[in-house]
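Per-chain numbering from 1; labels A, B, C, D, E and F assigned in written order.
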Amino acid sequence: MDTGDTSFIMICTALVFLMTPGLALFYGGMVRKKNVLSTLMHSWIVIGLMSLQWILVGYTLAFGPDIHGLIGGLNWLGLNGVGIDPNPDYAATIPAIVFMAFQMMFAVITPALISGSFAERMRFPAFIAFVLLWATFVYDPLAHWVWGVGGFLRTLGALDFAGGNVVHISSGYSGLIVALVLGKRKGLGKESMAPHHIPMTVLGAGLLWFGWFGFNAGSALGASGLAGMAFVNTNTAAAAAAVAWAVVERLHRGKSTMLGAASGAVAGLVAITPGAGFVTPLSSIFIGLVGGIVCYLAISIMKAKFGYDDALDAFGCHGIGGTWGALATGIFATKTINSAGADGLFYGNASLLGIQALSVLITVVFAVVATFIILKVIGLVMKLRVSEEQEAIGLNLSLHGEEAYPDFI
Amino acid sequence: MDTGDTSFIMICTALVFLMTPGLALFYGGMVRKKNVLSTLMHSWIVIGLMSLQWILVGYTLAFGPDIHGLIGGLNWLGLNGVGIDPNPDYAATIPAIVFMAFQMMFAVITPALISGSFAERMRFPAFIAFVLLWATFVYDPLAHWVWGVGGFLRTLGALDFAGGNVVHISSGYSGLIVALVLGKRKGLGKESMAPHHIPMTVLGAGLLWFGWFGFNAGSALGASGLAGMAFVNTNTAAAAAAVAWAVVERLHRGKSTMLGAASGAVAGLVAITPGAGFVTPLSSIFIGLVGGIVCYLAISIMKAKFGYDDALDAFGCHGIGGTWGALATGIFATKTINSAGADGLFYGNASLLGIQALSVLITVVFAVVATFIILKVIGLVMKLRVSEEQEAIGLNLSLHGEEAYPDFI
Amino acid sequence: MDTGDTSFIMICTALVFLMTPGLALFYGGMVRKKNVLSTLMHSWIVIGLMSLQWILVGYTLAFGPDIHGLIGGLNWLGLNGVGIDPNPDYAATIPAIVFMAFQMMFAVITPALISGSFAERMRFPAFIAFVLLWATFVYDPLAHWVWGVGGFLRTLGALDFAGGNVVHISSGYSGLIVALVLGKRKGLGKESMAPHHIPMTVLGAGLLWFGWFGFNAGSALGASGLAGMAFVNTNTAAAAAAVAWAVVERLHRGKSTMLGAASGAVAGLVAITPGAGFVTPLSSIFIGLVGGIVCYLAISIMKAKFGYDDALDAFGCHGIGGTWGALATGIFATKTINSAGADGLFYGNASLLGIQALSVLITVVFAVVATFIILKVIGLVMKLRVSEEQEAIGLNLSLHGEEAYPDFI
Amino acid sequence: MKKIEAIIRPGKLDSLKDALGAHGVNGLTVTQVIGCGKQKGQTQVYRGVEYNVHLIPKVKVEIVVMDQYVEEVIQVITKVARTGEIGDGKIFVSAVENAYTIRTGATGENAL
Amino acid sequence: MKKIEAIIRPGKLDSLKDALGAHGVNGLTVTQVIGCGKQKGQTQVYRGVEYNVHLIPKVKVEIVVMDQYVEEVIQVITKVARTGEIGDGKIFVSAVENAYTIRTGATGENAL
Amino acid sequence: MKKIEAIIRPGKLDSLKDALGAHGVNGLTVTQVIGCGKQKGQTQVYRGVEYNVHLIPKVKVEIVVMDQYVEEVIQVITKVARTGEIGDGKIFVSAVENAYTIRTGATGENAL
């Protein structure tokens, strides 16, 4: 055990924790006033649910002793045997309980990310059922495949430093499916669905960026030079993407917006996530620039074209940005940054790009199919979507019996 | 000295610092618009006052060389002799100045917590006098009794990992007394006193939860496995309590609220504070669940029944939750988690529960009596409560000459 | 390399990062509703721009191999050669890439600070040009002079622990020049320009204070006792200044305000920045008290007297507070706190005060002249100030095509 | 039909609503306004800049009633909203020519 | 000249504006209000304290038109703003004696 | 008694209040509104979705005065609130039948 590493990972865990309240605000500012509490609640209750799920079953499913490369065994149910001694399979210099906690925060934020795509229209009980089932049947296996010792995507050689596949692609595509299954919000395209509080979204984006240092640098699992490199790459890609979005927006629509620059930063953070510990800072600039541009195009052109109602762009940002990031890792990864990694296309090894593409494909197919099944199963037991009247009144009042800003006078 | 431990505690200190601005927002969102600045100011000015009080006299009163188990000597007045060398009595691997700073943040937040119970009606000069007297005559001795080498509650064997007695029980019960002495807010039960900005409260709760990792894990005073365990327990109890509150609310009133889930998390954080470094994560689930439920009942049923005006539930949350936490520590503590601790009832040692109950009792009686005396003394010199007109206009304007959102147009 | 130090500096880097989103909110709450997005955007886009500038050219200009004490060489262009090995010239125990990242966050926040002085009236393209030129021609050289090995102010013996000259004096005086060149906001003194959201400003101030621990304690470049001392000094001065401002305000205007107490804290943080690692906590109280008072007087009396429109008091707070801090360091610095420092006037060495005064003078003259030239150059190519109509409509809409709170109904 | 427009203190809204309800008047519309008159505004200070804010938060309550109820409604308002201090507010009465209930299409007095 | 004051559901504002525009009515002024009548408010609960909030968010649209358009405007509103559920709102019509366009100084019907 | 309702640019409120005060008119009530007419709204873009927002922030000032002051007040408003650009706003005048001061019980013109 190393106190420096342990200190680093505990604080990184706290930083990653903060991302979910940050996400609540990021999303909350983008919905209409009458739905903001419902949107905050999505993230908040997920913190509660997933913290318990992870301790009870999630962690052992994801990181427990491998079963055929597909899932972890139930050996560590209820944290049985997960204590203060390090688990050298994952992190030799920090207590196993700290590694568990760090991973927990990833399991917490991922279902919360999904909630952006179906904001303003899902019933609360259906949401809870969805989160628990999705976490158990999609997130936990996927985390095992990619990060678990023996997991088959890891064995295949796919690189995912901090969760491009596990967190972003999975949540993005799953979100798209939920949005499609639930259908569009009533009045979309006719009524204004403009954000109700952009400074709240900016605050959320700031907390996300801040927490993302824990997410990516912490994924080095120690206070090492590699962590430092991941830290710098994270910041660089976010910065490049924020600037890229602002520029593209200006070219396309005449003006750079604050909401755009904040969205761009998040797109860049998503894009760099899988490669943060494998690429150089200069590559990160490129990854960020492209990340900002493709997410902008996905959100402002592709979405309109296909007409799905990905309300807060969970798919546009995390699905698209994550896919680009996974592929970009296949292009720009270099062993000079991380000897435990691999060289990418740009460094003469085309095969990595193939592996990355395959891992994306598997992740997408799995997430899409499993999400669809889960929704159908839940749909057998309860309604997924609020009534028209509840939607018109707003989810704050109709689902939670509260207003966000009740002091009218 | 260990750089890993020092790094950890310095950052934890910063995290605990952030709790007080977080509390300001948590409380601020819950008052009416016309009083929000007064409520923010309560927390903010306490940061200023207590930071100075602690350096000048508080630290030495609490941690200075013991005098009869009751109080610290004045040896370290003005931080005299508190330098970069560790003080092995308290933390052998970090500089004494860092230990001092960590403890300072506890002394800062505690009086700020109290302010929730008497929000929207106390005069500002009276508040300042109260904070300084309460800190010096209640907090500092209590901290000495529980944490100071030689402190009599510590010697007794009472366990309080991160401040259940010192911070929560003391502030909760003291708050109740202030609320009773000041009387109810004008119009209570007739006018709406609904929160003015629930997202602000959620943001505050998020910052509190984030900072609480520093509060509880940092109380291990090093980047150790024990810190990791306290970290996980903290998160677990908060999560369980948030879920519990949401569920109870649904059963009792038909709907889970965002404000409830945020309040529940805080209740769980309070409840786990004394036991965070003594219990297992599974026990933490239980502690959190019960914490969420009892605080809910205290706030939504008991308060209405007895009719005291604990405006923002400082008593309901910290008094009740802290009491439960102290007793729960007596039940669930186990030496397998912390060999420096003790076994509780559940592990075959009933006496610990008795000691915990006794320490709660002593804390409550002391806090209640001392707070009452302090208020009476201040009452001799100045009025405690604002005039009816000031209350009607709102404390933003009448006490501070500001509006919170002045840009009406 | 030391994992404890590395952990500490990485987290401190994240904390300093958070200061800029914090500043965005601090400033954003103080402008009128119709301009808040423009103000947030100032800080946000600077994060993007400066993160890239620093990596590409800024870092090497500031810290690259010295050229005549005036500027760093271009050896490290694009981070060439800046890797995971420590650079013992600057920090022997942490990876060079981490040192680079820590310094980057200073380069990010400084131009954002300036933006406070010319809020609500600068064109966005002019702002971007200004930031890039100012950073390259003012910040980078100045950082080299004061902190770069071989930098002439450093060689002179000027003390600037965490950026009094480089960050605060430079931004404050430069801001004043921009405010003067742009002219006053239309309607100043006639229409109300009251802040639109004081709780947002308080939140920002809280995040700034929190981040400032990273700024000042992190400037020790390791998790040392010195870092702990800087930490405590930082908190103490901020606390003292918050209290001082509240008291002065009460004496001068009859009431202490929340906005004042928040502003005071920031003034104290500025004032302690240069001396944080050189003075004692008791000196910090004094530095903070005076800092709060002089900034109050500058902002509420001097500004009105001279009539410049330093909209959010970048000059009043950072220019004045930074100047006081630099001089105070010359008075209160002591080798008992930092043997690598020097003794000040109070400890019998008057010459340090002279050196500090000289370094302030050089910084002011350089910042003022260079800023003026940069503005004139930009003015040749594009207009600096928005049109009257844009100003009347508000910069949210006219520059960015957004409203901050669009959900009117 | 008359429209009664009462500009009152914000704190009086709840009791006014209840009192009107007790007199069988259930329909009303409320707007957040600021106003000035004899009541002096509070001085506000932001970073040392003083604003003598003359416009004070009030609430406007609009009630459309049949002519015969005007007297009663005004009495209720005057009773409930009065504190006796400057700033209690004003009531204005004006004629309404017609009313419609959107839901039912009812017009005139039937619409109320 | 008449002033038509319609108190409608907030969600209907956009379509009402469009529908009026299609009938050549472009000038209108909108206020955020809360109101009560037959529609029951939602119960709200904050930390266990129940508020039966009777005042429901509505939007007030004011349109000043020449007398001959009143009928048409009312028909448009009634059509667009109706859902058939309680709470659709009211329309009140009253006389306006004069109007001015500040920019041009035009008065009377020319000002509209 | 007449009610003068002026819908003006938000930025003109302060000077209008001052100008009216200089003419001895101290009582008025202000509402935040949005409106449309000839003035074109700004296009807003949120994440690539364009909103052509037609409703523009305005301020409604209501002043109830005795008949003989109407002319003067309208002149003051027209002078102060005019910029000459489209969007300066409208003034509407209508009859008020009675007024009451809640505090004193004064009615009619004495209530103003």
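Observations, loosely collected:
By our rule, contacts are C-beta pairs under 8 Å (C-beta built on N, C-alpha and C of every residue); 3 or more make two chains touch, one makes a residue touch a chain.
Quick caveat: nothing in here was measured; it's all calculated off a predicted structure.
Judged by shared residue numbers over all numbers used at their interface, subunit B and subunit C contact each other through mostly different positions, with under half in common. When the C-beta pairs in contact are tallied for D-F and for C-F, the bigger tally goes to D-F. Taking the mean of the C-alpha atoms as each chain's centre, subunit B and subunit E sit 50 Å apart.
In whole angstrom, the spacing between the mean C-alpha positions of subunit E and subunit F is 18. Counting partner chains per residue, subunit E has residues 31-32, 34, 44-46, 51, 53, 55, 85, 94-95 touching two or more of them. Listed for subunit A are residues 2-5, 7-8, 11, 192, 194-195, 197, 203, 253, 255, 257, 259, 401-403, 406, 408, each touching two or more other chains.
Contacts from subunit C toward subunit B in the complex involve residues 2-5, 7-8, 11, 15, 32-33, 192, 194-199, 202-203, 205-207, 209-210, 213-214, 217, 222-229, 231-232, 235-236, 238-240, 242-243, 246, 253-259, 261-262, 264-265, 281-282, 285. Across the interface of their complex, subunit B is touched by residues 1-8, 10-11, 13-14, 17-18, 20-22, 24-25, 28, 36-38, 40-41, 44-45, 47-52, 55, 78-79, 83-85, 94-95, 97-98, 100-101, 104, 124, 197, 200, 203, 399-407 of subunit A. Within the complex formed with subunit C, the subunit D residues making contact are 44-51, 53.
Those residues of subunit D that touch subunit B in the shared complex are 9, 11, 14-15, 34, 42-46, 51, 53, 55, 85. Residues 192-195, 249, 252-253, 255, 257, 259-260, 263, 296, 299-301, 303-304, 313 of subunit C are the ones touching subunit D in the complex.
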